[in-house]
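Next come the structures, one after another.
Same chain, two partners: subunit A is paired with subunit B first, then with subunit C.
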Partner chain A sequence: MRIALVGSIAAASALAPAAAFAVDYLSAEEAARLMFPDAERFELHEIVLDAAQLQALDARGVRGRSARWQSLAARRGDATLGHVIVDQVTGKFELIGYAVGIALDGTLKPVEILSYRESHGGEIRLPAWRRQFAGKSSTSTLRVGDDIANISGATLSCTHVTDGVRRIVAVFDLVKKSGGLR
Partner chain B sequence: MVASVEPPARHVVRRARPALGTLLEIGAEPCDGCDAAFAVAAAFDRVRVVESLLSRFDAGSEIHRFNAAPAGAHIDLGADARAVLDASRALHDASGGLFDVSLGSGPEGWFVDEASVLHKRRAGVSLDLGGIGKGYAVDAAVQALRRHGVRTGWVNAGGDLRVFGTIDVPVDVRDETGGGVRRFGTLGEGAFATSRLGGRQVSVAAEFCLWADALTKIVAASGDASHPLLQRYGARAWLQ
Partner chain C sequence: MHRACVLAAALACAAPPTLAQSTTETELSRRLDQLASELAKVKAELATLQQQRFAAPPVATAPAAATTAASTTAAASTTAAQGPGLAAEPTTVLTSYGEINYNRSTRDSKNTVADVRRFVLGYQHRFDEKTKVVTELEVEHAVSSSSDPGEVEVEQAFIERQLTRQWSARAGLFLIPAGLLNENHEPTAYYGVERNFVETAIIPSTWREGGIQFVGNFENGLTAQFGLTTGFDLNKWDATSTEGRESPLGAIHQELALAKAGDLSAFGALNWRGVPGLLLGGSLFTGGATHGQSSEKSRITLWDLHARYTPGRWDFAGVYSRGTISNTAAFNTPLVGSATLIPKSFDGWYGQAAYKVWSNEDYSLSPFVRWEQFNTARSFADLGAGLTPAGARTERVITLGANFNIGSGIVLKADLQRFRENGYANRFDLGLGWSF
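Our next item is the complex of A and B:
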């Protein structure tokens, strides 16, 4: 076991200023390719929920949140293999980007985390803080020493992501039933 | 002319998925004759298996079946549940009962015999491996990476972290009250876990993540950052 502390334990105490923490894992396209390796191409597909569909989501206990969703449709020839929907959720101090892949038969691919952002001082609720990450591209390969810090905490939960996945599955299910997916 | 020479890039595969009720991150350095991305995928698969085997919510798990069973029941255990329950019993006895996977429902109400059979001595006893299972799953993921040829990498389940090989990974501890992180130090060839119990935040470094995970509970419950058990497991603890 090799462990080296930064100065003293005080470095991890409330006296030291807290820093932001950020990791990018995959871009949306990279996640889509992992989920549907047989796809020849991915096309942007817009999903629009009407008022009745939003109500139906509410009735299922899943708050619709948004009427417009974008997916990457995985195509091979004329066939659609499935869809990948990218979303973000916020926790108390963290912003998590993730991708949900659903095959056309409804099978769920393992959820991939795209990015993790830990804020300090509660900027997480500020639109400006959140905007700085919008559309940020990332790569799955990075260099040791650049950005490999690991976070340790007692209460890091994935409840928000799990709720988000449930919402996306419900949206997908509804739209599929209405024939709105190609 | 002065040219700046970039050090050779060491490309790392680093991925994260929701698992074990938290975010599970797995990193692997490229290795000769192995596929780091494939190894990382195998490690995620291994965690999923361990999670379902140890979960008290998964209807097929040995733990769920034990909790639902009447007194006198006996359940054949697989290698994973056996390993975790054996470690739980050892930690329970060594900590004078502070570590208790029955959560007070009756630590003497269960035992595992030499043939890997879990016995339920009386009704109402239930098991919850939440205080140790995550650490075990992290160790299992590290084993899976190694089995696939990875020599250097790390696995982090929401703060239950293990690092192996030649790398020293910077560890940041999350500020649970105000957000953000503070640099704690670096960790190589070992494990680190953080838990919060009764308003106390405890971090423990140990050789294996199962030990680090379980020892945070013992330090938090005893309030003793130099609990004698730490020395026995070659561990160090920090109370905040």
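Our next item is the complex of A and C:
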């Protein structure tokens, strides 16, 4: 595993959804500031999982999907407050852009929905639903129908975003335990 | 002299290379300066870009120690510029759902059937960032021909345009927002092999009309939908058929197939999801149903109230719906003596509880129980003594079964249904469904 600060334009653009959306609610930067309002700056990080780490993820029942992740590390002075990861999952038919904030102690911030373009199910943007993630961590179940309540009419969107959050939490927990997060 | 000539010749010969080398070095030096200048310019542009992206707070400049690592990963990060999962957005998406059912009568085995109940193919195509077309083409009962029971139907075909962050508009053939099931009718979305009776006999799912609709989603959890559409055609009522007794509105819906459109209908629906797991909503649909085809006029109105609450592994749902048809006396008078007169009112409700007893990464098992009461002819308009039919008896059905989900796209179902009024309809059902 290696972590590198990447200052390229390509990396910067990676933190924005790949395409413009019908409804973009937040940018990655806005989401990061909402999650870590005390941060003085955000630094781009790239995290590359090695084969052993991907296998460890698989053993946890989490499909890693990618060996390469990027985050915005929220910094205040020399201290790291946490990380923000932008991802996309398919809702029912189309992609949902969302951001996950993880404090340095491993607890989650409310999930932020960056973009949504399905005809049905946009209710996952509701603050009450997103707040369910706050305070949860890698020890939480993080499953719709368990510790995350569903939204009627948006079941697939809820399920797939929750699955995505669970994957990101597992990836960062693994990296943190290997001493890779700064 | 000779030596002088040789030296002179040597100098003459040596001079051009020396001068040429000097020229090359000058050129190289000039190019290096140019490159350095361009590099400085690119760095300045990059810094400006980064400042713009992270205006407050700013992105820290990568420490020198990390620069080497950054440069070694630069090529890789460029290929990963989409990031994990940040795939390019497809403009066209193929969709499908289907269900294959087996219904075995527990009292009369000759009524046992197996059927490809529905096979649906659809696509969504995005014309631009704000505009898409949504379609579904459905085949019911596997084969559609003059000698087979099947039907081919365009179930949805509409254009959707995002107007603002809150509002979008749809035009074309779309599903009417009524009850819990009509807009979410894929087999993976409901419990039981067959759709519930209230949302098939009273609300004629899959119910769609042609017209225009506005959809608003608000931060407080409210979703508002309203619009103008085609409606039902009472002229289609066949008093010699029992179809109207099974579903009054299902017998006279038009499905935008050369639909009579002289009368338009209006609809509205409000759904509130302000508390996670809770949905409270209602809908109203009303409009003329004679389209200038007869001297009498009639209005059809259907409304519903619905709720769903999914705390943890529980899933509770309930729907009440009631429909009325006005001025039915005028239409029924010439039909007196026929098998099925037009009801004045019809209604029904159900309550359902499901619990996910077991699940892992790939599977989940959810037993459920549903109690339904529905009456497709609650009352008839007064035709005079001895002529006015009595309202039908209310059917009560209990359904006990389970959904076994494989992932989120496949479901196996089994249930038992007991009918309190018509015991011959008691049955055991098996079903296979999918949706993507």
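Following the convention adopted for this analysis, the second predicted complex is superposed on the first by the 121 of 182 C-alpha atoms of A that agree within 3 Å, B and C clash if a C-alpha of one lies under 4 Å from a C-alpha of the other, contacts with A are read in each partner's own complex, and residues count from 1 in each chain.
What we mean here is this: a residue touches a chain if its C-beta (ideal position, glycine included) is under 8 Å from a C-beta of that chain, and two chains touch if they have at least 3 such contacts.
The structure presented is a predicted model; accordingly, all values stated were derived computationally and were not measured.
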Notebook entry, point to check: With both structures placed on chain A, which of the two partners, subunit B or subunit C, ends up touching more residues of subunit A?
Noted result: C
Notebook entry, point to check: Which partner does A:P127 reach: the first (subunit B), the second (subunit C), both, or neither?
Noted result: second
Notebook entry, point to check: Thinking of the overlay built on chain A, is A:A59 touched by subunit B (first), by subunit C (second), by both, or by neither?
Noted result: neither
Check: Is A:L26 contacted by the first partner subunit B, the second partner subunit C, both or neither?
Finding: first
Margin query: With both complexes overlaid on chain A, does A:G153 touch subunit B (first), subunit C (second), both or neither?
Written below: both
Check: So, A:A51: does it touch subunit B (first), subunit C (second), both, or neither?
Finding: neither
Check: Taking the superposition as given, does A:P110 touch the first partner, subunit B, the second, subunit C, both, or neither?
Finding: first
Check: Which partner does A:S119 contact after superposing on A: first (subunit B), second (subunit C), both, neither?
Finding: both
Check: Taking the two structures together, which residues of subunit A meet both subunit B and subunit C?
Finding: 2, 4-6, 9, 11-14, 17-21, 23, 25, 93, 119-120, 122, 143, 148-153, 155-156
Next item on the list: State the interface residues of subunit B toward subunit A in the complex, per the touch definition above.
Entry: 9-19, 21-23, 25, 27, 29, 44, 154, 156, 158-161, 163, 167-176, 178-196, 201, 203, 205-207, 234, 236, 238, 240
Check: If you look only at subunit C, which of its residues touch subunit A in the complex?
Finding: 46, 49-50, 53-54, 56-63, 66-67, 69-70, 72-74, 76-78, 80-89, 93, 95, 124, 126, 129-130, 132, 134, 160, 162, 165, 168, 170, 180, 183-184, 189, 215, 217, 219, 221, 223, 271, 273-277, 279, 308, 310-313, 315, 317, 356, 359, 361, 364, 408
Check: In their shared complex, at which residues does subunit A touch subunit B?
Finding: 1-6, 9, 11-14, 16-21, 23, 25-26, 92-93, 96, 98, 110-113, 116, 118-122, 124, 140-144, 148-158, 161-162, 165
Checklist line | Complex contacts: residues of subunit A adjacent to subunit C | finding: 2, 4-15, 17-23, 25, 29, 33, 39-44, 46, 48, 61, 65-66, 68-70, 75, 86-89, 93-95, 117, 119-120, 122-123, 125-129, 132, 143, 145-153, 155-156, 159-160, 164
